[in-house]
Amino acid sequence: MDADVNTDDDVAAVPLRHPWRWVVAAALFLGIAVLVVSLWTNPNIHHGTISKYLFNPKIVNGVGLSLLITVVAMVVSTVLGVLLAVMRLAKNPVMNAFAWLYVWVFRGTPLLIQIVFWGYLGLLYSQISLGVPFTDFTIFSVDTNTLVPAFTAGLLALTLNQAAYSAEIIRSGMLSVDPGQHEAAASLGMSPSYTLFKVVLPQAMRVIIPPMGNETISMLKQTSLLSVIAVLELYTVATQISSQNLRQVELLLVVSCWYLFLTSVLSVPQYYLERHYGRGNAAQQAPTPLVRIVSALRRAKHAPTEPTPTDTRGRKS
Amino acid sequence: MDADVNTDDDVAAVPLRHPWRWVVAAALFLGIAVLVVSLWTNPNIHHGTISKYLFNPKIVNGVGLSLLITVVAMVVSTVLGVLLAVMRLAKNPVMNAFAWLYVWVFRGTPLLIQIVFWGYLGLLYSQISLGVPFTDFTIFSVDTNTLVPAFTAGLLALTLNQAAYSAEIIRSGMLSVDPGQHEAAASLGMSPSYTLFKVVLPQAMRVIIPPMGNETISMLKQTSLLSVIAVLELYTVATQISSQNLRQVELLLVVSCWYLFLTSVLSVPQYYLERHYGRGNAAQQAPTPLVRIVSALRRAKHAPTEPTPTDTRGRKS
Amino acid sequence: MNGVLATPEATAPPTTQAPLLRASNVRKNYGNVQVLKGISLTVNAGEVMCLLGPSGSGKSTFLRCINHLERIDGGRISVAGELIGYTQRQGRIFEMNPREVSRQRRGIGMVFQRFNLFPHMNALENICAAPVGVKRIDKQHARKRALELLDRVGLAHVATSYPAQLSGGQQQRVAIARALAMDPQLLLFDEPTSALDPELVGDVLEVMRSLAADGMTMVVVTHEIGFARSAADKVVFMDGGVVIESGLPAEVIDNPQNPRTVSFLNSVM
Amino acid sequence: MNGVLATPEATAPPTTQAPLLRASNVRKNYGNVQVLKGISLTVNAGEVMCLLGPSGSGKSTFLRCINHLERIDGGRISVAGELIGYTQRQGRIFEMNPREVSRQRRGIGMVFQRFNLFPHMNALENICAAPVGVKRIDKQHARKRALELLDRVGLAHVATSYPAQLSGGQQQRVAIARALAMDPQLLLFDEPTSALDPELVGDVLEVMRSLAADGMTMVVVTHEIGFARSAADKVVFMDGGVVIESGLPAEVIDNPQNPRTVSFLNSVM
Amino acid sequence: GGTATSAQPEKPASTTSADPAVAAAVPERFKKAGVIKVASDIPYPPLEMFDENQNLTGLDVDLAAALGAKLGVKLELQKQAFDSIIPSLQSGKNDIIMSGMNDTPERQETLNFVDYLHAGFSILVREGNPENITTVLDLCGKTVAVQKATVQGDILRSYEQQCKDKGSAPVNITELPMETDVQTAVRSGKASADVVDSAVAAYAAKTAGDGKTFDIVRDPANPAGYKPVYTGIGVLKKDSELSQALLLAMESIIADGSYDKILKKYELSDYTVKKTGLNLGKDTK
């Protein structure tokens, strides 16, 4: 492209014009501007409250707790999910049935009910004891509410629930790997577990990561369900404040700002993971919109003689 | 296998024994039995209430509404999701940026806040008017609360939110299709849209369906969030009843039963869709656990001379 | 048999005077590496041209440029007098819109090194997909035609098998039938026989020859010197992105002038 | 050069008397179709056996049975006197556990028709994966060895390229290097040269010959009659799941007795 | 909400007649509409709940009927989750709140309250009072659950000094979304006691598990409960004319005795306001 060999048989074509792109772009931009302006100038929204509570220490603590729970629950549930997915695809019928049952129960019942179950385990079993079932023989016994405090219960509920969903995603990722890969690994004498971790999962990652990104973001927001067992994460804190001062819209906006921020932060690792596991794949990664806009502007600057705005993005080089 | 050529060089091997399988199976079975029995005999649970409310007409209506919302929201959001995924993968930077922004905003803010936003659109705009922005010229104007009743608002919120998640899943499915497929389609002169619907999406389906199954099940349970805008779906109805008769645990169990039932019903089409789109794929579909158990029993019956229980499932034939 | 493959388009190439395929000074870069360094060649209607050359010499890349799967960075490619991927108006060159490119590709069939069959369609559906979906040919008719084509490549019995159920050789033959189903003016083959069973190579060559007789033009990348010698009207030897030597098979294969051609042929035969 | 490929295991096959590979009356069904109908053959240590035959004759299936990628339905396969996939104790035959099967496979290298390289690893990582992960060879050492093997197949310059960046020919050569890296006693090739560049076939044959000289045994499914004639110690012609004819290359290829062999060879040459 | 649960009580609790002076004060907007929409977090027994025939009943329901009669405009209760009760007013879906909402200075920044109850809180414990709680100071150092929308949390926090004087840790407060969650926490032993409006406590002790789940702590020193606070009808500040009209109507039903009759019907006579007013709520600390 930079070569200046301008012989007459060179392809120095006039790039395809896309007038509609610009019309649509302008319309979209205008629409978004109208929305933002009307939100900003709306008399029902008290901006002072928003800025007052955005960095309120209780809110910031809530953010930290939400993030902590999300990260821990996602990491642990992913490990469990891999285990369940492997069991589900294994030939062993016992494992298979167990994994199926697990997914059925944990996906099938509302998370809220699972949270209530773990949170109020003491309601059903005031003592947890280890012993021989259906007899009176017990090895030890401990008060449930001591063993499972609210935070642990919340974490447990989210993790076990998420594992069921993750298992399905990971299973589908593993199915997307070419069977030839299993054969190649087997013919090299690789063990099933080595094949799983070094051959299958890395290739499945490309398919697994985007839905797992979805799940992570859902998880972040599901932490709000922990309010039923009084874990003081972001949403619980915000509704506590708003139920006192009745500034519900403003506090929902504060929460939205934080969630948008956290979501954006969490999608950075996703982007790099996608790139990492996309290596060796012919289909090139689309750059982030920011990168695209910057490079489009740069390109526009370097083509000053062009009378109309053009787009050369179509070029594959 | 059925051939009775029992020459001495035949492979009539003693199948591999899996004693641990049976130990684990027994342990799991015992564990589940203990859990179920202890739940059933728990004095804190009043079984009469459960059976009384399981088929209460209000509950059944709630079930119907939950199911209706789930189905409509999933269908519409899938269509939107395909559109967004295509935009996100397109070379057109405007579409790309729009799809990116859409996903960012709708995944980034809590669903509850989106529900409140659509439910109380009247809070921000008491009139919806079509006109020229930033001027007083309006073409028509209508009262927001008339235009967007609670049910519509709830459906809108769930659909638009789900579209963002579905878009990511569909995008990853499309990326999992071998680039050679695009080339083959292009070389046959297929248009991009024909390629999308006849070549790419059918192949992507195999990867898309399991996470979309997850999403459908999540959606079913997310309908409970519509209680904030007073849509009387299952969960809302149940909490209404329980806040009056104060039998929260029992009504949560009623809700769980229904959700488990609905989840099971919804996974039937998923299973058949997976089978359908798995055709032409070498890796064979695992049969459902039920089928496996039945065929295992049948096999056990046909091998009466075998002294110990064995498992021939390992056979690839 | 010929009736199956002969079509009005194929029998009447638009310009019999001018070559059907003309490439002049075609250049192509991947990043900073120039893979094609100015390829110029012509293929007349009805001719079979074989492209020989060592691995990495750019044969596949050139083939992909012909039907605009790759955008060229310099030079011109035209098929039947029409510039590929560009339109010329008032002395200026404009990029073509995607719909027009699709139309051009319909006239140019391609058979890939790795088959690229659609795995979710059975053999028959693979063949019918484009005629029905793109050319809007009646389904019954397309199906009948597809069965005839399958029969021609010796696979009538696997019409309802999915690609994963076919051996490599069978898959490649389905891919050829699929390309033929669009009645292209020009057929591009990227090592079509490398995965083909030797017994069936002859049959496929027979099909190709009958197509050539009906006015079909073919460009074949191959390592099968025997085929090039017997079937080609013209042989081009490429190396390092340039044409080293070209001419009649008898000239290039049996009496090569360039030392690189000589060493390549020695190693192959 | 030989030092690279020669290993203690390879130079001292456990039993020089008995054949290294012995298949007797091997049968294999897919559903109700019997694909292998009783294959019996032996290959001695250091021998190269070529399997010829038309498409669908079961060559690939037989190869896959040798390293237990497919479970056979009848007969016996043993390598170096050890039954593949089964153990014999007190006169009874027991299924082998998966760990033992993996151990057996380590001694049997395989090169696939479609390469099956690991797409997320570059060439070097593809080659090192099994030696490091399975044999627990020191990483530095495995890497050095892998580079030598890459050099041997003429690809030292693409050590850090990913499979998608390599041409078909290059990919197949990496696959061969990967199989060699495990120092197998027996190497199975499923049409190894069908995607290989003709210039490099010679190099690969050279590697294979030097391996044979060091006591390496090879079973090669191929359509390259030229190679079979010059490199094989034994040629087996299969059709419809049975061995039709076998013997020295000079016997089977140049003086076939069975009419099916004759017609196959006629169509190929 | 869009799905109005505007079931009318089958028989009015009192025979109130229209009061022209009150009706005149009603803003034009509501006269024209003929209805004032009331946001209420139904059910919240005994203030709003359903009877056996699924008809809406409760203190707020009867009061609304009586007030409506005075105003000459129907008051229609609509189900509304507490979490979005203010947005529902601001967006015009509802006009006023009758949901047992406590009148506090903080809330007075957003709403005007027309007060109609003056009640304290009670302590609800598990059946048999296993932890032997007899006064509010017995809660020091214990975990107490409260519903998050209520003022009980702040009230309990105000006992911190007294707990310290007693040589004990302050009350450990757990705030939960709904009253049912609070009761579940007490049942499961996660919390020692539920501190809640006396009226609600009485209902729970009577109803839950057929009266065998909870006990109310009877403190002879405070028969009407601890620290009484006002409960009122919430009206947005911008609708001050409407709050004036409601105030007049409230005064009118107190004057003609129908107010007392309604409270008596629900056994809430302990909690009557002697004189209604606007924003009577004071800081609880």
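Every chain is named by a letter (A, B, C, D and E) in the order it is written, and numbering of its residues begins at 1.
The criterion applied here is as follows: contacts are C-beta pairs under 8 Å (C-beta built on N, C-alpha and C of every residue); 3 or more make two chains touch, one makes a residue touch a chain.
From a predicted model like this one, the values you see are computed outputs, not experimental measurements.
Trainee: What are the chains that chain C and chain E both touch?
Mentor: Output, common partners of chain C and chain E: A, B.
Trainee: Just to be sure I understand: going only through chains that touch, what's the smallest number of steps from chain A to chain D?
Mentor: Shortest path length, in steps: 1.
Trainee: Farthest from chain C by Cα centre, which chain is it? Let me know.
Mentor: Ranked by distance of C-alpha centres from chain C, the top chain is E.
Trainee: Averaging each chain's C-alpha atoms to get its centre, pick out the one most distant from chain D.
Mentor: Most distant chain from chain D: E.
Trainee: In terms of residue-numbered contact pairs, which of A-C, B-D or A-D coincides with B-C for over half of them?
Mentor: A-D
Trainee: In whole angstrom, what separates the CA-based centres of chain B and chain E?
Mentor: Distance between chain centres, rounded to whole Å: 41 Å.
Trainee: Could you please state the distance in Å, as a whole number, between where the Cα atoms of chain C are centred and where those of chain D are centred?
Mentor: 33
Trainee: Centre to centre, by mean C-alpha position, how many angstrom separate chain A and chain C?
Mentor: Taking the mean C-alpha position of each chain, the two centres sit 45 Å apart.
Trainee: Where in chain E do residues touch two or more other chains at once?
Mentor: 83-84, 87, 90, 181, 184, 187
Trainee: For chain D, what residues touch not just one other chain but two or more?
Mentor: 114
Trainee: What parts of chain B, by residue number, touch at least two of the other chains?
Mentor: As it turns out, chain B has residues touching two or more other chains at 44, 116, 123-124, 248-249, 282, 314.
Trainee: Flag every residue of chain B that touches chain C in the complex, lowest number first.
Mentor: 178, 180-181, 183-192, 194, 198-199, 202-203, 277, 279-282
Trainee: With touch defined as at the start, can you tell me which chain C residues reach chain A in the complex?
Mentor: Chain C residues touching chain A: 24-25, 29-31, 70-76, 86, 92-97.
Trainee: Would you pull the chain B residues touching chain D in the complex into a rising list?
Mentor: 1, 3, 5, 7, 9-16, 314-317
Trainee: Mind pulling up the chain A residues that touch chain E in the complex?
Mentor: 44, 116, 119-124, 126, 144-145, 150, 227-230, 236, 239-240, 242-249
Trainee: Write out the stretch or stretches of chain A touching chain B in their complex.
Mentor: 18, 21-22, 24-25, 28, 30, 32-34, 38-39, 42, 44-45, 88-89, 91-98, 100-101, 104-105, 107-113, 116, 120, 123-125, 133-134, 165, 168-169, 171-173, 175-176, 179, 206-207, 209-211, 213-214, 217-218, 221, 224, 235, 249, 252, 255-256, 259-260, 263-264, 267, 282-283, 286, 288-289, 292-293, 296, 311, 313-314
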